[in-house]
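Next come the structures, one after another.
Across the two complexes that follow, subunit A remains constant while its partner is subunit B and subsequently subunit C.
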Partner chain A sequence: MSNQVGNYSLYIALLVSILLIFKSYKFKSNSSKNLDSKIFSLLSIQSLMILISFASLIYAFIISDFSNETVYNNSHTAKPLFYKISGTWGNHEGSLILWLLVLSIFLFIFFIKSNNQSNNYRVLTVLFQEIIIFGFLLFILFTSNPFKNLFPIPIEGTGLNPILQDPALAIHPPVLYLGYVGTSIIFSSSLAAIVCGIVNNNWAKHIKKWIIISWIFLTIGILLGSVWAYYELGWGGFWFWDPVENVSLMPWFCLTALLHTIIVLEKRNLFQSWTVILCITTFALSMSGTFLVRSGILNSVHTFANDPSRGIFILCFLFFLIFLSIIIFFIYQKNISKNLNKSFLISKETAILINNWFMMFFLSVVLIGTVYPIFLEVINGLKISIGPPFYQKLIVPFLIPFFLFMALAPKLKWIRDNVYRINIQQFIQLIISIIISYFLIIKFGISYVFAIPLFGLGFFLFFLTIKDFFSKDSSLSQKLSHFGFSLFIISILLNGVLAKEYSSNMKVGDEREYMNKTIKFENIKVVQESNYKSIVGEFKILDDRSNLSMKPEIRIYDQPRTLTSEADIISTIYSDNFLVFNILKDDGYYNVRYQHKPLMIWIWLSVILISFGGILSYFKRND
Partner chain B sequence: MKKFKILIIAFVILFNLVTNLLADNSDQINKISKNLRCLICQGQSVYDSQSDFAISIKTLINKKINDGENENEIYEFLKSKYGGWIIYDPEINKNTFLLWLIPLILFVFGGLLIIRKVSIK
Partner chain C sequence: MYGKKVKLRALFILSIFLSLVLISFLIFKSLEENVIYFKSPTEIKNLSELESKKIRVGGMVKKNSIKTNDLEINFIITDFKNELIVSFKGSVPNLFEEGKGVVAEGFLEDRNYLKAIKILAKHDENYMPPEVKDALKGNN
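Let's look at the complex of A and B:
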């Protein structure tokens, strides 16, 4: 039953989409007032239909309706209700419905919220957004329909991949999608703005809210994924430069660049074309992210099962959208009122350009690192892997000048500033930071070539962002985000060089000495939970000051049969103790891995601070 | 002054070499295995994985270290056996120089664009 409801409402949404494209395309010639309410009602119908189809899919998951193929493939009756629900978007088909839902609801909100803008612009935004919605509807209905019937109806489902049965990962996709899909509004609206010739400070003020909101969701979405990887994959790392992670990072760089550029457009009416290019690129990156993940050409721990026809569809659709936006950009570029004023060398405008410069560089490193192996394999059949060392080698040295610019730039004034404002006091702070980093590096014996300037400028940025809280130069949201970022950098740097790890094969009763700590494997317990069996190890980590008891788990899931390791993590404000163990073939022996990770919690907290800056900025009345 | 710098650099390299040689095998194994892809896993490094393949590679690395081979020799050996796919850190050769160069070229290009946009006066 729910299959039919879901299916038909998707077809109705498709119909509405065609109608909307038609109506909004024709709108250019006649401009009757009541079209506004027509579009409004059509949009409401569309959102409602997609909502109904999403709800019916959730319903099918909740009641474990195995006549639905998606439910059969991804659910199981023994699963807790929470994961039955989150299973809805824990698979390819369901996640696309969620994506579509967000697309249509965002458009609906956009349409309501933009009633102070010109009708022409609003309707054009609807047109472009409906083209995207239409494409996704076709994609869902013809290559990945979540409402396929199964007959005869199976008695039991095959279950959800156990590593996805986790609270952080249950909310990670929706949050990330809100960010991804938010960029579609930015894309559509920038195309509409360029056609209408209103790429100016007014438009900037209006679209800025959408940029901020997408950026917040994208940031939090990436954070959730990272936290999940940290405790669930049992590796003890939080970022692996895995292709699927990179794919979420790329639009983030672009969006961060855009977040800064839009302020220049708002305040100074500069960089119009560049802003539009960024808007288009951000969305193209979000889309290609979907393509790369869904097509299965990436080798990653995160990819769902998939088939190539889907990849080809998204690829064609992506090319169509990029082609469309390039054509529109070049045809209507003359509409952009050219502001040929150059910015002065020492000014906020230039500083923001420099921010964009670095963001684009980081983006290009990640982009090329992610797609290069694919192209190389297609061209001459060579398979190469690009992993953390590549990214570290290219990105880390560039962080040094980046920190310097970031530390000094926010204090610059618009239009023109004076170089002498960079005063002796800051110079002294810089020297102190370098000295601190020098001693730190000597003390911990860090051998990285750029360590001294990297840590030095990291500290410099950190001190200056703290000092900024006492100045009246810029907004609180900016101070908070920049402070968050500097805290993030410091935590990552220190965490990177001070983290310690020890791994050994142990059996119950064994003791190992490591760095004045004793790791004791005391006992093992087997617990039967509703949908898995759990092997709980009881460990003690002793040193002269503390006595930690840690209980990592190995979970054996039945549907599908999978082993997962659940790390036990004890977090304090100074460091994390991370313990995980795995079954070995040799009888009674387990591979035990202990990690001591300083300042881990500050990495998460700093990202929350960064996004909190965004939230403040979103709720700021007018500025 | 320049000689002094070279001296320091030489010292640092030597120091690293010596400490690396003296270090416990397990640190060395961790370091190397983090740079290797577990070929039978989905996007995991040899270090992260507990698969049979990963365990046998780790044992192999341990043996090679005991035989006195250095990091690069081990990478070379694995590459000749399993192909470049196993190593996370791609070397620079005729197939990969663009990989390293494109971002740098883009960076220079971006810098030139900014110079054009900004009046130096």
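Let's look at the complex of A and C:
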């Protein structure tokens, strides 16, 4: 029953989409206000229909309706209710419905919120957004319909991959999607703006909110995924340069660049074309993120077994959208008003351009590292992967000038400034930071070539962003985000060089010595939970100062039969103690990994601070 | 003489061009150094010469092949045509199991023996490396 409801409402949404594309294409700016309410009602019908179909899918998951193929493949009656619901978007089909839902609801909100803009521009945005919605509806209905009937109806489902049964991962996809899909509004509205010739400071002020909101969601979405990988996958780190992680980072770089550029457009009416290009690129990257993850062509440890025909569809659709936007960009580019504002070499404008340069550089490194293996495989069948050293080698040295610019540039004034404002005080701070980093490096015996300038400038940035809180130069949101970023940098640098790891195969009762710590494997207990069996290991980590008892778990799920390890993590503000163990086979040996991760909690907190800066800026009144 | 504006613009374009060239040079140079080739046991058997570079080997963990001692885990990767012995010190992921797909990263000692420094397994319990899938199809 819910299958039919879901399916038909998707078809109605498709019809509405066609109608809307037609109507908005035919729209003339002299038309009456009547059309406004027509489009409004059509949009609300569409959002409602997609909402109904999403709700009916959730319903099918809750009541475990196994006549639905998606439910059968991804759920099980013994699963807790929370994971039944989150299972709705934990699979390919359901996650696409969520994409679609966010697409249409965002458009609806955009339409209501933009009533102070010109009708022409609003309707054109609707047109471009509806093209995207139409494409996704076709994609869902014909390649990955979540409402396929199964007959005869199976009695029991096959279950959800247990590593996905986790609170962080239950909310990670929706949050990330809000970020991804937010960029679609930016894309549509930038195309509409360029057609109407209104790429100016008014438009910037209006679209800035959408940029901020997508950026916040994208940042938090990436954070959630990263936290999940840290404790659930037992990798014990926060970033692995895995292709699937990289595809979420690429739109983030682009969006961060856009977030800075849009301020220049808003305040100074500069960089119009560049802003539009960034808008288009950000969305293209978000779409390709979905494409790469969903097509299964990425050679990643995250890859889920998948159907390649879906990938082809998204790829064609992506090319169509990029092609369309390039054509529109070149035809209407002359609409962009020539700008007579002067600016000088040393000014905030240039500083933001430099920020963009860095973002684009980081983006291209990650892009090439992610895409190059795919191309190579297509061209000559060689299978390769690109490891973390590639990214570290290319990104880390460039962080040194990046920190320097980031420390000094936010203080620059618009239009024209003077280098001599960099005063003796800042110079002294720089010297102090370098000295601190020198002693740190000696003390911990770090051998990395660039360590001294890297740490030195990292600290410099950190001190300056703290000092900024006492100045009145810039907004609180910016101070907070930049401070968060510098905290992030300090934490990952120290974490990176001071982290320790030890792994061994142990039997119950074994003891291992490692770096003046003793790891004792005291006992194991077996506990039966509702949908899994849990093997709890009892460990002691002893050193001369502390005595930690840690209890990592191995969970054995039945549906589907899978093992997962639950790491035990003891977090303090100084460091994390991370212990995970794993069963190999029934010979009494367990594979044990102990990690000591300094400042781990600050990595997460700093990212929260960064996004909190965004939230502040969103709620700040326009001045 | 050209105006100051034209000169400035030319300088700007030139600097963009130069930095692009520099970036592509840097990226492709470090690509060359950091690429890890992915091979199946059969491909390793057929290697004309042994590489000293780090490689990845993908296949299935052979049934009853995992042997553990205090220090090491030893197992055999198979693509059902050829086999490769792997020894590994370190920690393994959850889905590392006999009869499941695995990717081992490390250095080849000879054509039958890999000293692994990292073991990767896929998230999806049904996942199989594509070349293993092909090999299995060939057998049936």
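Definition applied: the second predicted complex is superposed on the first by the 616 of 623 C-alpha atoms of A that agree within 3 Å, B and C clash if a C-alpha of one lies under 4 Å from a C-alpha of the other, contacts with A are read in each partner's own complex, and residues count from 1 in each chain.
Please note the rule applied: a residue touches a chain if its C-beta (ideal position, glycine included) is under 8 Å from a C-beta of that chain, and two chains touch if they have at least 3 such contacts.
No experiment lies behind these values; they were computed from the predicted model shown.
In the three-chain model built by superposing on subunit A, subunit B clashes with subunit C.
In the superposition on chain A, no contact is made by A:Asn200 with either subunit B or subunit C. Once chain A of one complex is fitted onto chain A of the other, the partner contacts of A:Asp587 are limited to subunit C, with no touch recorded for subunit B. In the superposition on chain A, contact of A:Ser503 is made with both subunit B and subunit C. In the superposition on chain A, contact is made by A:Thr350 with subunit B only, not with subunit C. Looking at the shared chain after the overlay, A:Asn335 reaches neither subunit B nor subunit C.
In the superposition on chain A, A:Thr564 makes contact with subunit C only, not with subunit B. Judged by the touch definition given at the top, the superposed model places A:Asn161 against subunit C, while subunit B stays out of reach.
When the two complexes are overlaid on their common chain A, residue A:Asn380 makes contact with subunit B while staying clear of subunit C. When the two complexes are superposed on chain A, the residues of subunit A that touch both subunit B and subunit C are 233-235, 299, 301-303, 357, 361, 364-365, 368-369, 372, 382-387, 389-390, 393-394, 503, 582, 584-585, 591. Those residues of subunit A whose C-beta lies close enough to touch subunit B in the complex are 233-235, 237, 240, 242-244, 299-303, 342-345, 350, 353-354, 357, 360-361, 364-365, 368-369, 372, 376, 380, 382-390, 393-394, 398, 447, 501-503, 582-585, 591.
Residues 12, 15-16, 26, 30, 34-35, 37, 41-45, 48, 50, 52, 83-90, 95-96, 98-100, 102-104, 106-107, 110-111, 114, 117-121 of subunit B are the ones that touch subunit A when the two sit in their complex. Residue ranges on subunit C touching subunit A, taken from their complex, read 19, 23, 26-27, 30-31, 33-39, 54, 56, 66, 68-73, 89-98, 103, 105, 120-128.
Interface residues of subunit A facing subunit C in the complex, by the touch rule stated above, are 161, 163, 233-235, 299, 301-305, 357, 361, 364-365, 368-369, 372, 382-387, 389-390, 393-394, 503-506, 510, 560-565, 580, 582, 584-585, 587, 589, 591-593.
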